[in-house]
Amino acid sequence: MADLGVRLAGVALRNPFLLASGIWGESGASLSGAWNAGAGGVITKSIGSTPRPGYPNPTIEVYETWGLLNAMGLPNPGIDEYPREIEAARRAGATVIGSVFGGDEEEFARLAHQIEATGVAAVELNLSCPHAEGFGTEVGSEPEDVERIVRAVVRSVRVPVIAKITPNAADPAGLAEAAERGGAAAVSAINTLRALAIDVTLRRPVLAHGLGGLSGAAIKPVGLACVWQIYRRVKIPVIGVGGIRTGLDALEYIMAGARALQVGTAITFGGVAVFGRLNQELSDRLDQLGIARLEDAVGAAHAAHL
Amino acid sequence: MRTVVEVTETVVETPSTITLRFPYEPPADPGQFVMVWIPGDDELPMSLSYTEGGSKGVTVKAMGETSRRFLSLRRGTPIGLRGPYGNRFDLSPHRVLVVGGGSGTAVLAPAAERALARGAFVTVALGATRADELLFRDRLRAAGARVEVATDDGSEGTRGYVTALVSSLLERETFDAIWTCGPEIMMSKVASAASPKGVPVFCSVERHMKCALGMCDACALGPYHVCVDGPVFRADRLTSTEDFARFHRDPSGRRVPF
Amino acid sequence: MADLGVRLAGVALRNPFLLASGIWGESGASLSGAWNAGAGGVITKSIGSTPRPGYPNPTIEVYETWGLLNAMGLPNPGIDEYPREIEAARRAGATVIGSVFGGDEEEFARLAHQIEATGVAAVELNLSCPHAEGFGTEVGSEPEDVERIVRAVVRSVRVPVIAKITPNAADPAGLAEAAERGGAAAVSAINTLRALAIDVTLRRPVLAHGLGGLSGAAIKPVGLACVWQIYRRVKIPVIGVGGIRTGLDALEYIMAGARALQVGTAITFGGVAVFGRLNQELSDRLDQLGIARLEDAVGAAHAAHL
Amino acid sequence: MRTVVEVTETVVETPSTITLRFPYEPPADPGQFVMVWIPGDDELPMSLSYTEGGSKGVTVKAMGETSRRFLSLRRGTPIGLRGPYGNRFDLSPHRVLVVGGGSGTAVLAPAAERALARGAFVTVALGATRADELLFRDRLRAAGARVEVATDDGSEGTRGYVTALVSSLLERETFDAIWTCGPEIMMSKVASAASPKGVPVFCSVERHMKCALGMCDACALGPYHVCVDGPVFRADRLTSTEDFARFHRDPSGRRVPF
């Protein structure tokens, strides 16, 4: 059986499949549940300075099995309340990565510092939520902003800092380069695509917030392109995310350049049992291809295409 | 994934409770819920109080802002629906005690009706603040259930909480199962009363819901997601959590005491 | 039966469904075929200055029924050869819109001028192909470039000029504003999303060119968001494109703000007969909703959401 | 949508022609083609010369750069496949004349074989530049076809073009249908010869292909897309276009004379 373990920015992961931020991430019990189901690590819901209820419902729309639109609006209990959830997950033995979002570099740095104190293995910066005013893409679309925020956070914590990049940009790889310059230990790509659903009977957007973010199978080809381009332009490891639902999807991301992966929407369609299945499928694929260690496959598709 | 339908009928059940009927074809079972969207306002989980055939219904008690708005909905108003979601009551037990508090009876009524239609013997213990807030008393009697009543002010039936009524029923009679829905404190007391008798208790619980797809974590209750693992749970599953009857989560995910 | 006719930048269309550029657009017979099947107008393949064979195969990858990835590489016979195809389509009675692509404003202006001479009703500028080096997004990602190119073209032709906008940008609506400033009579949104497919057995990208563009149902939510945002920020009409395959999709775009529509990938899955079906379905939907004229529905979803 | 398989067998059919066999499960009929991808090179349309069961095959003649590369493929080489695409020969006629020129016989052989298996009477007129370029002569004879041969240099059978052979066969015998594949000039001559006799001619034609999905327009031939409306056409459909045997389109879409 192929070795699925990977080292990501100094953190040893038992397998590459991380729970993506925002899915099963509000409660410690859920984080533990994803870990127990076989995730290689769990990323928390993105946490901010104060409690945020998020947008009113409807917050989601589903497209058959290939897509999910959401505008949750970054609901979270705030950094003062959240540590107990992380502690619960850590007690269950989970490798936890803390995700935070802020409006400027000071807020990011403070939140990262606070979340570091809970013993997380790394901090991920949400620079890429496409539907939260004043946060996410609004602070993560310009390379200078990304660099400045990452630099401020890197100064304030010891754990590795991961920048999560938006695909809603002319040049996502340029944002990854900026994160690298700022000192990021890794980048995650991608967050959701800015998107919208309309109800024609009611003549209005379906989601209460109007615009939302598209995730799921539909965005896999877009995520692969981002990972591919980023891999060619930075030296730090890339975490692939977007539409992963099978071991084949996973290996495509790995060969495009990802060293670890995140899984979100697939949980909507199959629960966290998806982690067990993904491990099995990926391992089978590697065996079939005669690849002994997952790490040997990272970026493999670039050799043929220089 | 949403269907927009027009409300075809509204029934004022109690001064604070209204039933909306609407055409909705997807098959449903007692215990399941739908997400009901009032365009321009909010979308709330509501148990189906009518599950049979194409004309389904929900029964809503005015609590906060949005549920209050349900009371002003009229015939012809468009609402959005998705679902049904969640699990269902196991309807196989023969002698069933149904314990409903407040709007909790909404989800129990169709379960009782279907059990009765299959020949079960159903006793209903119905609680409310006062007589005119008793939900579905006549509907349940008409279906063939024995209905016993408790009101806080004694305006009908026993004075006091419905849990007292349950204890005395459990003393006198044997049941194969208890189905209950209402305030968690009430359900937790019902579970405590039934436990020494070895009668399994099934509770329909509520948590704040957003996705209803087991994904967003809004409805987390201990290790469960109420939207997909519930809303119906065996009481022992719930009492082993730290949350049941003690904490729920507000829309931000913050754990708050009941 | 609802009236599906629309006026778009002074051009009367018998219905809003235009054949999108790049599909059935190389030969006059195919353009005529789409028109005869019920298209409200046909947009030519994007034409450049000289013959271009495009990229080698593989040039496409299909995802079930929800997506298509392509990197054709803008094959076209060049502006000197192409007029005969437009003439054939015009002889068949088709309303033809000529699409052109260039590397700078002079080339765009010259091509637009040449294609105007064939009697096209309007010219569309491809500022948005995501995989052609030196063209498309490479000249259409910055507002200043878009404005300059559009302005040069507007000066060189009399027919209305349509700017086709890329979704691979932080702010597609800002590009539409730039087009409006440059004098565009309308904007089309969206072109394909930058995307990639990997073959894990062969450890290489599937498409010969590597990166390609994603189209089809998967991008409808993204296209709707772009049209929605553009509609709020420009006065010129918007042409919605991306993943339209049913009358319902069409009406969603119309209510999001589109005045006309383009259909591409749906033809892959159902042939040009899709135009007849779309007309029927859209007309039925409008009847059901009691909307007498399609034009009354344009932007209707904005009223509820100010 | 692509399947990568390894070549399981290669057969050198003539000095310029090779057959590749490979496992490929999707069912196919004679007349259909697949898109064959040589990783790192190109992807070309190739008719299936073996359509039955799980071991399929294509037979490739070295023409340009890519097709020449097929000749160097070996057992175990991975190739990408998609399809089968396109329509098929109508196999119902009883007395069939099959006219193959060069690698065109690749698509005709499985059609002839299947017709013979159904009890049809099949005559094959096979043309090539010289004897060792005659494709599938033995395969067709083994299947029970009567095979007549014409070579440009007279090294086997009649000297001259296969079209002369066809004319003389049409003089002497009656056929219910003619199936042909080869240079368009040849097929056009076959159509002219058959037309006065009223024998329907079905031609398998080739055009530059990219998508094979009827979308990109690369394979436009008059009002048709060869990839979905063909590759098999009744000759009268083709002769009414301005293109057949006169023009094809290069990869840029430019119309160029044959």
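The letters A, B, C and D name the chains in turn, as written, and every chain counts its residues from 1.
Note that in this section contacts are C-beta pairs under 8 Å (C-beta built on N, C-alpha and C of every residue); 3 or more make two chains touch, one makes a residue touch a chain.
Nothing here was measured: the structure is a model prediction, and the numbers come from that model.
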### Task
Note down the smallest number of touching-chain steps it takes to go from subunit A to subunit D.
2
### Task
Tell me which chains count as touching both subunit A and subunit B.
none
### Message
Among all chains, whose Cα centre is located farthest from the one for subunit A?
### Response
D
### Query
When the centre of a chain is set as the mean of its C-alpha atoms, what distance in Å lies between subunit C and subunit D?
37
### Where subunit B and subunit D are represented by their mean Cα positions, the distance between them in whole Å
69
### Inter-centroid spacing, subunit C versus subunit B (mean Cα positions, whole Å)
51
### Message
Rounded to a whole Å, what is the gap between the Cα centroids of subunit A and subunit C?
### Response
33
## Note on the structure
Expected list for subunit B, residues touching two or more other chains, is 39-40
### Task
Please list all residues of subunit A that touch 2 or more other chains.
63, 199, 201-202, 204, 304
### Task
Determine the shape of the graph in which chains are vertices and touching pairs are edges (line, ring, star, complete, other).
line
### Query
Among the chains present, which pairs are found to touch?
A-B, A-C, C-D
### Footprint of subunit B on subunit A - complex, ascending
22-27, 29-30, 32-33, 45, 51-54, 56-63, 70, 72, 75-78, 81, 84, 199, 201-202, 204, 206, 208, 265, 267-268, 271
### Query
Which residues, counting only subunit A, touch subunit C once they are in their complex?
63-64, 66-67, 69, 137, 141, 166, 168-170, 193-205, 210-211, 214, 217-219, 221-222, 224-225, 228-229, 248, 251-252, 255-256, 285, 289, 300-301, 303-305
### Task
Would you tell me which residues of subunit D are touching subunit C in their complex?
1-2, 4, 35, 37, 39-44, 78, 80, 209-211, 213-218, 220, 222-223, 225, 228, 249-255
